[in-house]
Amino acid sequence: MEINPILQNVLAPPVLFFLIGAISVLFKSDLEIPAPLPKLFSLYLLLAIGFKGGIEIQKSGFTNQVLPTLSAAILMSLVIPLIGFLILRFKFDVFNSAAIAAAYGSISAVTFISAESFLENQKIAFDGFMVGALALMESPAIIVGLLLVKFAAPKNRPKSRKMHLSAILHESLLNGSVYLLLSSLIVGFLTASSNPSGIAKMEPFTGQLFYGAECFFLLDMGIVAAQRLPRLKNAGSFLIGFSIFMPLFNAFIGVFVARFLSLGPGNALLFVVLCASASYLAVPAAMRMTVPEAKSSYYISTTLGLTFPFNIVLGIPIYMSLVNTIIPLPPL
Amino acid sequence: MEINPILQNVLAPPVLFFLIGAISVLFKSDLEIPAPLPKLFSLYLLLAIGFKGGIEIQKSGFTNQVLPTLSAAILMSLVIPLIGFLILRFKFDVFNSAAIAAAYGSISAVTFISAESFLENQKIAFDGFMVGALALMESPAIIVGLLLVKFAAPKNRPKSRKMHLSAILHESLLNGSVYLLLSSLIVGFLTASSNPSGIAKMEPFTGQLFYGAECFFLLDMGIVAAQRLPRLKNAGSFLIGFSIFMPLFNAFIGVFVARFLSLGPGNALLFVVLCASASYLAVPAAMRMTVPEAKSSYYISTTLGLTFPFNIVLGIPIYMSLVNTIIPLPPL
Amino acid sequence: MEINPILQNVLAPPVLFFLIGAISVLFKSDLEIPAPLPKLFSLYLLLAIGFKGGIEIQKSGFTNQVLPTLSAAILMSLVIPLIGFLILRFKFDVFNSAAIAAAYGSISAVTFISAESFLENQKIAFDGFMVGALALMESPAIIVGLLLVKFAAPKNRPKSRKMHLSAILHESLLNGSVYLLLSSLIVGFLTASSNPSGIAKMEPFTGQLFYGAECFFLLDMGIVAAQRLPRLKNAGSFLIGFSIFMPLFNAFIGVFVARFLSLGPGNALLFVVLCASASYLAVPAAMRMTVPEAKSSYYISTTLGLTFPFNIVLGIPIYMSLVNTIIPLPPL
Amino acid sequence: MKRLDLIFSERELDAIIKTLEKANVPGYTVMKHATGRGPERVVTEDMEFTGLGANAHVIVFCEQELIDKMRDNIRDDLSYYGGVAYISEATPL
Amino acid sequence: MKRLDLIFSERELDAIIKTLEKANVPGYTVMKHATGRGPERVVTEDMEFTGLGANAHVIVFCEQELIDKMRDNIRDDLSYYGGVAYISEATPL
Amino acid sequence: MKRLDLIFSERELDAIIKTLEKANVPGYTVMKHATGRGPERVVTEDMEFTGLGANAHVIVFCEQELIDKMRDNIRDDLSYYGGVAYISEATPL
């Protein structure tokens, strides 16, 4: 692994703004992006990702790579939380294990778009339908997490917390960020198929503005991540190790799946990044509602304080070199 | 009336995002655009509408269609509240009747820009000076509403609520949204006449971004409208009927006035939409200040919960076919 | 001094929106841009100014005019607060004098970008490295102000308020707005040198949107300035006089320094505007933290209520004619 | 010392503050963006974009006599748009 | 009259309001975006963008009997996600 | 149990929280963006964009002895930038 791609990744504006945010906390600057401004950017990014993804999917149509890739994506988001759960159970109770595992099975949209920016920077092609994988990988991990709680939780859980399947589906599919991403994807698809002039009119908002808005949001993510990081200390070294090891492990599985799917290097990187990233939006919101026994500081500090920065700064170039090493290997 | 234009209208991004917002409430998703973010978009839209309108008015100059159209617009916003008041008095007291009637006499800027988007989609021309009509129709209905309260209210209204003409003019002309629209219009006009290079520099903000910002705002409007809708139940079927019947009735009068003014189909549609739309910004704010006896849930649920969605989704294409039917009729 | 440039300045959209905001307060309109929306725009402007400035500095390189200009800028921001302090001490105690003087030694980024807009309007060239001067002039004045408090304050200041040099440096360099401007400048510089494709991708956000966002922010600044103005009455005529006289005096010194540096008219105007403008972001925030004895209403009402509007509306064209008069004079 | 809690429509804020200032209260604190429901079962929400605004919650720590002095004026203010006012005991730290 | 102060996660708000409405309280006031720390030493922050939200502070002025009526339900609600509830005296102005 | 209400400049928040944590309070709640006026007749507004910020309102439910323990430190904190502190009675639900 050369140092060059890492440095090049770090020198891209979004990553630099992320670092600026993190450093401001380190140096105790009073730089602050007050609530609810970050929410504006997170809503915007979800809307724009979905909308552009929907257009791309409509344009590219369902080629014969699409269906296997999307199925594999869903499969990964079902399997990863199970593996994570087994690992976490060594140290944590059912509730915390399920909640953290679900977060790692699900995805981080901002990590995904950072990987897209990285690919554009490196001039490596990728396909629009990968946004479909992004959208489809958010919910299954939540379902797995909640099912784990439902079946593995101590029998004396109070009645009010017994979860019905309908509640589980509701939390996983109608969660605000899942819903906005999915429905924007549908809007993009419908616009591209029935009203193509609408695409051009949306482009300045969802397209041109995107990179800058990403930078601004990452500035805030840097602040938030650096604020969360110290709380990991209380969580202990097991969880700290987990938040670096788990993405690497997931990336490793992911790259072999990508190879099995014969994905090109661009799509492969995005697939790997989806596997390696962890959710700090949809999953925490759902877990907070349904599994209050789990400590939110655990699943937030790990995903936001360590895994997210790791992926953004070091992970993506590492996964790229992983992809470049494994994908071209001769067939087994 | 064909089904095609309605479907085409529904498949435009702004309407789709509106529906997404409404559906999220229906399905109890926790999608939320927290305050004061919607205010950002409503301020932005008023500023941009005004600015662009001012430029257009300066460019087109005062052709001989402008003055009659603007006068007719003001007239409509004086007459409609009177008719609405007479109808509403069958069921409501003076205060509620006046407040609701004023809302229907005034206009909704977002309905207007949805109609503009519809026309652009259908490639039907319209004139920039119609924004002048928009701006001029906001205040007169407020004045009529407050005069109705002043003269028709029970004589035992407490002294502190006696309204002076100056207070009425203040509420109707210096209301935040009226003021911003009018003054942005003046800025646009002045910029176009004395500083044309400023137009190009504003264009990315007020022009290119507009459509996307409109979508984002309509997403929130969908949420808000769907939250208000159930409250209409308490208001009874009379008010529910009123909030559909009144726009249709106003559109019907409007289309004949447009015909009398010899407006082209684009301008005619905008004129009709101004008549048919109801205010949920300027009028409620003014009425809340000056007529606290009126239930804000009445004038908000009707305009925002029913009339606005009806106009956005079904009304505009219906009015278009009305325009296409009535305007070309041979002179009486 | 002709009237034309003043009128032309006033008729530019940013100034018009500023006036609209101010007039809305005068007329008691309820137009309001609720917190924290203004913060969004102030953060955005700092980020965009810094980013674009960093690119410009990287592009232009360190020509032989850069270093002397930047040094002179720092010098001015050290000297001006000392002069201001001496003047203010006639009427105010050490704490208030130091705080107000620091504000006038530091700069206002929005005044600076208004001057840039003015120059672009007048088609007068200026250099990107002047943003470096902007960034470098924020902190020294804070340091001088705090040192003045440290050494001139009554000896019985409570122990908890004894300031250490480290605290002074922290307040002056890690203040949120200073930090964001400086670090965005570095990001811009790094992007331009190592990742030029990132510039184009940021351009719609930091470039095209800038003028409109400036207008929106100035609308709010107009509201805030007009709300602060009446509070100056309590401060007395000395402070009112100071907030007009001090910028003019600083401009006067500035223009001779600019002449000594052989700056072209564009750069000279920016230099003068930096000297003449006063800080309402970084300095008040720092002083509030470290010199609570000073009345925040003093240093806010003067800078925001009078000096800022004066500079934006009248000052810039006045300074321009000053530049046009003094710079071309034959050498002494 | 007493603590006076006032909750009412934001639109009434200027009037209430004028009443407080006229009575020369030693200070007051305002929290905006409160929502709620009153006896008329109308839910006030934070629909700032409509210009309706939400409720304001004002806290005043002051002496009983001051409250007695303001009572009628505050009641007048509150009877206009609605809102509630409650008094409780408070001791300075 | 009593004053009931409830502080708990915003996510619990709907449940608490349902409890209040069922007991037919004369009114209530909600302030969102409160942050804080509870006995479990978990700091709640206003991370609205993550969907976690912050705390809500609900104030209810009502009679003691109403509070007695709601006590069990509120305790149930609060035991789910955590949160605190305190009663104090209040006199209408 | 007691209820302690602290209202002061947001800029002082870190110091106050440190004082509370040092005294080992069972919990606290913070509401930001409060505005107001104090005895010095300076109106604090929510000018977040200037970095000045507004006031914070902190509520602590705790025992009297804890308050006694913190009294001096809080007074010190408040004497720096200004602000008020009041105690009232509160009963857990």
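Each chain gets a letter, A, B, C, D, E and F, in the order it is written, and its residues are counted from 1.
Quick note on the criterion: a residue touches a chain if its C-beta (ideal position, glycine included) is under 8 Å from a C-beta of that chain, and two chains touch if they have at least 3 such contacts.
It should be emphasised that the depicted structure is a prediction, and the values quoted were computed from it without experimental measurement.
**Q** Which chain has its C-alpha centroid farthest away from the centroid of chain F?
**A** Centroid comparison gives B as the farthest chain from chain F.
**Q** Most remote chain relative to chain E, going by C-alpha centroids?
**A** The most remote chain is C.
**Q** Could you grab the centroid distance between chain A and chain D? Build each centroid from C-alpha atoms only and quote it in angstrom.
**A** 46
**Q** Would you mind pulling out the distance in Å between where the CA atoms of chain D average out and where those of chain E do?
**A** Here the centre of chain E sits 20 Å away from the centre of chain D.
**Q** If I count partner chains per residue in chain A, which residues reach a count of at least 2?
**A** 30, 34-36, 39-40, 175-176, 204, 208-209, 285
**Q** Where in chain F do residues touch two or more other chains at once?
**A** Touching at least two other chains: 31, 33, 48, 51, 88-89.
**Q** Using the touch definition up top, name the residues of chain B that touch chain D in the complex.
**A** Against chain D, the touching part of chain B is residues 35-36, 38-39, 41-42, 160-161, 175-177, 220, 224, 280-282, 284-285, 288-289, 292, 295-297, 300, 304.
**Q** In their shared complex, at which residues does chain F touch chain C?
**A** 9, 11, 33, 42-43, 46-52, 54, 76, 80-82
**Q** Which stretch or stretches of chain C touch chain A in the complex?
**A** For chain C paired with chain A, touching residues are 35-36, 39-40, 43-44, 47, 51, 170, 174-176, 179-180, 183-184, 186-187, 190-191, 194-195, 197-198, 201-202, 204-206, 208-209, 285.
**Q** Chain F touches which residues of chain E in the complex?
**A** 4-5, 7, 31, 33-39, 55, 57, 67, 71, 74-75, 84-89
**Q** For chain F, which residues are in contact with chain E within the complex?
**A** 1, 3, 26-33, 59, 61, 88-93
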